[in-house]
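Dumping the structure here so I can ask a few things about it.
Going in written order, the chains are labelled A, B, C and D, and every chain counts its residues from 1.
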Amino acid sequence: MYTHEYQKRVRYGETDQMGYVYYGNYAQYYEIGRVEMLRSLGMTYKSFESEMGIMMPVVSLEARYLRPAKYDDLLTLRTSLRQLPEGLSITFQTEILNEEGKVINAGTVRLCFVDIQSGKTVPPPEALIERLRPHFLKDEE
Amino acid sequence: MYTHEYQKRVRYGETDQMGYVYYGNYAQYYEIGRVEMLRSLGMTYKSFESEMGIMMPVVSLEARYLRPAKYDDLLTLRTSLRQLPEGLSITFQTEILNEEGKVINAGTVRLCFVDIQSGKTVPPPEALIERLRPHFLKDEE
Amino acid sequence: MYTHEYQKRVRYGETDQMGYVYYGNYAQYYEIGRVEMLRSLGMTYKSFESEMGIMMPVVSLEARYLRPAKYDDLLTLRTSLRQLPEGLSITFQTEILNEEGKVINAGTVRLCFVDIQSGKTVPPPEALIERLRPHFLKDEE
Amino acid sequence: MYTHEYQKRVRYGETDQMGYVYYGNYAQYYEIGRVEMLRSLGMTYKSFESEMGIMMPVVSLEARYLRPAKYDDLLTLRTSLRQLPEGLSITFQTEILNEEGKVINAGTVRLCFVDIQSGKTVPPPEALIERLRPHFLKDEE
């Protein structure tokens, strides 16, 4: 398992009139979590598109809303890969914690890899697997 | 089962640089679908908050992304209640169809009912059940 | 002058915890207004990009917030072109009216025309001028 | 003059199919800039609402789009107050710089102060003026 944490402050435009973060905005929080996890591995999602010619559309999303997030909260996005990508997709888990360390939200996002030129689904890029492998070998020791 | 259809055009700000609707924007599409379903029953979600003192936070969301939605597409939001709300929550299913009638996305959103004053979870308002019941009786005939 | 009206309902995700539409969301309302104005002329902005190879980035935006817009309001987007595009840009004015017919917001958006292939600014497409001209000739009569 | 800088990374959901940040998303960037400027002064906008009972709706917005912002850019939000708030409003200027230090966008946002209980416009809170005054005295020396 590889886990990365990143902090995100709740912005005014992300709240709704209930006084909480609008439920649709969590998808963007998950995006931030997984992109920053990739950066922590020394890669950028930007380079997937611009250098490798691969884009990663989302296949499925599951979100559970346990407690509300509120304006100006400094949230922790704890993003994990529980296993190396298998087959043609990759699944990120993101737990969102509030300032008291309580999990307020949990999301699971599955994405696939698509060759931008051909539009075809492809396996995960080898560069990604290489960056991830050491972290999963460690787990097995 | 009660089903309602509503049309929504994809706006430029809803696309991302992949050229498709950003995956986080579907939650708002589901919101539009369920709010317009309530309106078709002669109720407004607005009146839930302003007249009944009840708000409906989202408990969980599941979304499957089958095909991309593109800029300026006129989507059909087909929102269904498969059963009367049981217990303390209500679950809406939304299928999103493109102009060729193909299902491009499917979402399931579960919401609960919270008394705004007390902050406590409450059963669904009787007014809602009354509006829905005739549609479910019909199904059983 | 050419003016077009289009109705837009305020969605929950567009409000903020002040209970009003978030000030950043009006830009999308102006976008809806100008795109639907083009459609009323028999053109789509989509075809500008996909058929004519022209995109229209925004050059400047001015917005005045006169009264708040609230959840579920059915707003009228009244979009006007006060003159034919001159030089290399086009300026749309949008007044937003609430259900009582009061102007709650006024926006001015100036856009230019860019050839997608070359990245260069170009004059407005002749097809657009042709569609607009009759409306401006009428004004002069 | 008081100036504060804050960094903001462009997220995928903020781009549109032109491949740039959607023009409507800059308003949120300006919000981040001014809220973080207040924090740099030892105040939070959150406390304006929750402790002082004052909210700050936007009165007007002006934005100039000079160069596009692109996905994953690490932008600098340089927010300035050019003078102490006079009368009943306050005006923030935000310049947005890209990683090469070029100004890509400039925004001016004027907000007023409203007593949440009465709904009436009020002068800026004394606590804000006190925090700002030393920075403006310095300028005059």
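Keep in mind that, in the parts below, a contact is a pair of C-beta atoms (placed from the backbone, for glycine too) under 8 Å apart; a residue touches a chain by one contact, two chains touch by 3 or more.
The model shown is predicted, which means the values in this text are computed figures rather than measured ones.
Ranked by separation of Cα centres from chain B, the top chain is D.
Counting every residue number used by either copy at the chain A-chain D contact, over half are found in both chains. Just to note, of C-D and A-C, the chains joined by more C-beta pairs in contact are C-D. Inter-chain spacing, taken between the CA centroids of chain A and chain C, is 35 Å. Taking each chain's centre as the average of its CA atoms, chain A and chain D sit 29 Å apart. Distance between chain C and chain D, defined via averaged C-alpha coordinates, is recorded as 25 Å.
Touching two or more other chains at once are residues 12-13, 17-18, 20, 22, 24-25, 27-28, 31, 71 of chain C.
Residues of chain D that touch chain C in their complex: 17-18, 20, 22-28, 31, 49, 55, 57-65, 68. Taken in their complex, chain A has these residues touching chain C: 12-13, 15-20, 22, 24-25, 71. If you check the complex, the residues on chain C that touch chain B are 11-13, 27-28, 31-32, 35, 44-46, 71-72.
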